[in-house]
Amino acid sequence: MLVNPSHAVDPSKERHIELLSDPAHPVILETHDLKVFYGQKEALKDADLQFNEHEITALIGPSGSGKSTFLRSLNRMNDRVAKVTGEINYRGIDINQPDVDIYAMRRQIGMVFQRPNPFAKSIYENIAFALRQRGVTNRHELDDIVESSLKGAALWDQVKDDLNKSALSLSGGQAQRLCIARAIAVKPDILLLDEPASALDPVSTSQLENTLLELKRDYTIIIVTHNMQQASRISEYTAFFNMGRVLEYDTTTNIFTNPQIQITSDYVSGNFG
Amino acid sequence: MNAKTSNKIAVATLYLIALIVVLILLSLLGYILYNGVPVISWHFLTAPAKAFTAGGGIGIQLFNSFYLLILSMLICFPIALGAAIYLNEYAKQNWVTALIRNAIEILSSLPSVVVGLFGFLLFVVYFGLGFSILSGAIALTFFNLPLLTRTIEDSLSAIPDAQREGGLALGLSRWETVTKIIVPAAVPSIITGVILSAGRVFGEAAALIYTAGQSAPALNFADWNPFNISSPLNPMRPAETLAVHIWKINSEGIMPDAKAISSGSSAVLVIAILLFNFAARFIGRRLYKRLTSS
Amino acid sequence: MDNEKLKRELFRPSKAAKQERRGKFISFSALALIVVAVSAIILFVTMKGLAAFTQNHVNVIDFFTGRDWNPSVKGANGQPEAGALPMITGSFLVTIFSALLATPFAIGTAIFMIEISPKRGAKILQPVTELLVGIPSVVYGFIGLMVVVPTVRTLFGGSGFGILSGTLVLFVMILPTVTSMTADALRSVPRYYREASLALGATQWQTIWRVILRAATPGILTAIVFGMARSFGEALAVQMVIGNAALMPTSLVSPSSTLTSVLTTGMGNTVMGSLQNNVLWSLALVLLLMSLLFNLIIRLIGKKGAMK
């Protein structure tokens, strides 16, 4: 279904919301008229998107189209560099208000970045230390969470004997999975991932995809990807961004087999971007 | 003259200049060490100085130098760290920040004698701290703050932003991110910077002659209660340092072996600074390795 | 999670928010402390430095042009003899001479280090210069006293103390700093400048002279001014070899003085608040203003360089 960029045709919007509602996967996050300005430059124009609980949504589009800008606005990582207006409703609460505690909010909406960014600490500490900052001090509890997070990120078997090793000694794929483990250790509700596989080799990439498919049982996942196969393999829904607008948002199957507008079709078939 | 010939002449001249400079600098180092090292002995390093007779040492001055260095670092480091954190992590790019940076720049270029005189005026006289280790440590803090702040700021800004984002995305505050992730990751280069600035502080004299004073009263090295007047740890006692000692005995020294003592002291200073330099590099590299491997 | 609980959690300021506020405050206080310190230094030195003119009615023009420095004595005009010209002259002479002497050596060495023989530069010159940057100035003063003064005495007669010895000591002292800053400036000239020039058939020297030095000029000027600022502000190394006579220098080998040398020797022998003491603070003020001026010049060079 087409989200009409001009907003002139409201009925299509209605239909699009209907299409998404699904009792098994209620809407957990939605944006309304989300705009982002870097100085004078409007990098995101009126994004209206909805995300269902425990599903994977892929954000695709040519580079510079505003995918990262959108994603980073969702947990307000852009607050310091950009002006973000509009609503971000998380379980019915608009979290784009000044009096929302962004630190508590980010515990609910975690993020994994394009380049793996493990901290210059041991593998164990990479996961444990944010928990400790929030008052989890019991060693057994920490051990348990570290183990379950590493298992969740499918890294446990490879590092269980090296937990005290520096995280900087891990390979790229391992480091990225450590970052995922770190993110899920604080038990967020939603995971935002910005091209998490773009720095990884094909084997690590496919491992990562399997991990995400596992994680979707417990988390809602929004992932930016430039890899069309990846989007079609793992996501239920796909949003197509171009020049700061969401041009089309639909089930992944529809976007890839039956896009409503020409640019989407061109993009997913590799004709531009 | 054609281009080739003039090129040859120019290059030869440059060789000559470089050679002269290396000779000057090396003979300087050589002179210091050649004349000074033979004077250095355990007795020289530990015995108190003698005012009128030969055979004195530099024990008290050496202790004073280290004590003053440590004390001033204890004051200076937290301030420099805090200031560097603010500048690198919080300060917005605006005219206030520019002004503050300017002020730091100015402080770093002030002649150390001016800093010393200010310390004399404010701390020794107005605040009544007298010629004391404390006054000296504060003066050295002023002297050292700008450079240390800049070094730490550089160390912090060398840590990629991705590390900050990683912390913030976990719901940590910027402060937690900086103190728990960024600063620890920057520790190797911060340590290097601290040790190098310690070398600078160790050899400073002009800021001290009117703050820490020019006398070295006898110390009782069995008394470590900082409240006792003869205790080495007493921060309120006057304390001539090694660098001040060299200046002092050369301007008004009357002991017969002033020249030998100065040579020995100079060599000790230079060796200490060499050690600071090597230690800075070595420790920095070691810490970095520890941080990035098992 | 039920919605009310979530709402409470999201709208209650968290521990992190509190820590953030406190941390920001603490780190800002540290920074503010430095600013306060700088302001205090400028304020106090200015106040003390003006006292001689406001309280003791020393004539400002006489202070800057008078050739007789003997503040405890009243001169022919009934004013205290507080002419600072000898010290000001001394300071400027040693500064200018040492910079003139150091500049060609520093530039030559830096070119050698970066352009002619980078290998040897990195192996020998760089470590040696970096190390000597850290040598305490009293050590330079002491060597000046042991080596430079006797040599000057033998070669040029007199006591050996004076502007020449001061110049030579400062020359060696600022040489490592100016060299290593100049080397930094040369290093920051992009590689393709060299390649383009050499590709056009220029010799190495033509490339250095026409392209590299020109591109690095702001950085080199900064290095020189920086060295001058160090020379002007250096106290003990100069004081040890200049002779400490508050007289107009009659030759390069006559005992003279600088602002810093008079300050170091005089401050301890005068009583706080007295005229003799106040005029010393006026010298300190001149020193402070000169340091601000050097700072300004460096800033202007930076701006000019950035504009190009």
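So that you can tell them apart, the chains are marked A, B and C in the order they are listed, and the count of residues begins at 1 in each.
Heads up, the rule we're going with is that a contact is a pair of C-beta atoms (placed from the backbone, for glycine too) under 8 Å apart; a residue touches a chain by one contact, two chains touch by 3 or more.
What you see is a predicted model; the values in this text were computed from it and never measured.
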Touch-based graph of the chains, sorted into line, ring, star, complete or other: complete
Selected pair, greater C-beta contact count between A-B and A-C: A-B
Chain closest to the middle, measuring from C-alpha centroids that were averaged per chain: B
Gap in Å, rounded to a whole number, between the CA centres of chain C and chain B: 17
Gap in Å, rounded to a whole number, between the CA centres of chain C and chain A: 54
Chain A and chain B, separation of their C-alpha mean positions in angstrom: 49
Residue list for chain B, restricted to those that touch at least two other chains: 171-173, 176
Of all residues in chain C, the ones touching two or more other chains: 16-17, 20
Multi-partner residues of chain A (at least 2 other chains): 103-105, 133-134
Complex contacts: residues of chain B adjacent to chain C: 3-4, 6-7, 10-11, 13-15, 17-18, 20-22, 24-26, 28-29, 31-32, 35, 78-83, 85-87, 89-91, 100, 103-107, 109-115, 117-118, 120-122, 125, 142, 145-146, 149, 171-176, 178-179, 196, 199-200, 202-206, 209-210, 214, 243-244, 246-247, 250-251, 259, 262-263, 266, 269-270, 273-274, 276-277
Touching residues (chain side chain A, partner chain C) in the complex: 91-93, 95, 99-101, 103-105, 108, 133-135, 189
Chain C residues touching chain A - in the complex, by the definition given at the top: 1, 3, 6-7, 9-17, 20
List of chain B residues in touch with chain A within their complex: 160, 162-163, 165-173, 176, 180-181, 184-185, 290-294
Chain B contact footprint on chain A (complex, rising order): 75, 77, 103-107, 110-113, 115, 117-121, 129-130, 133-134, 162, 164-166, 168-169, 179, 182-183, 186
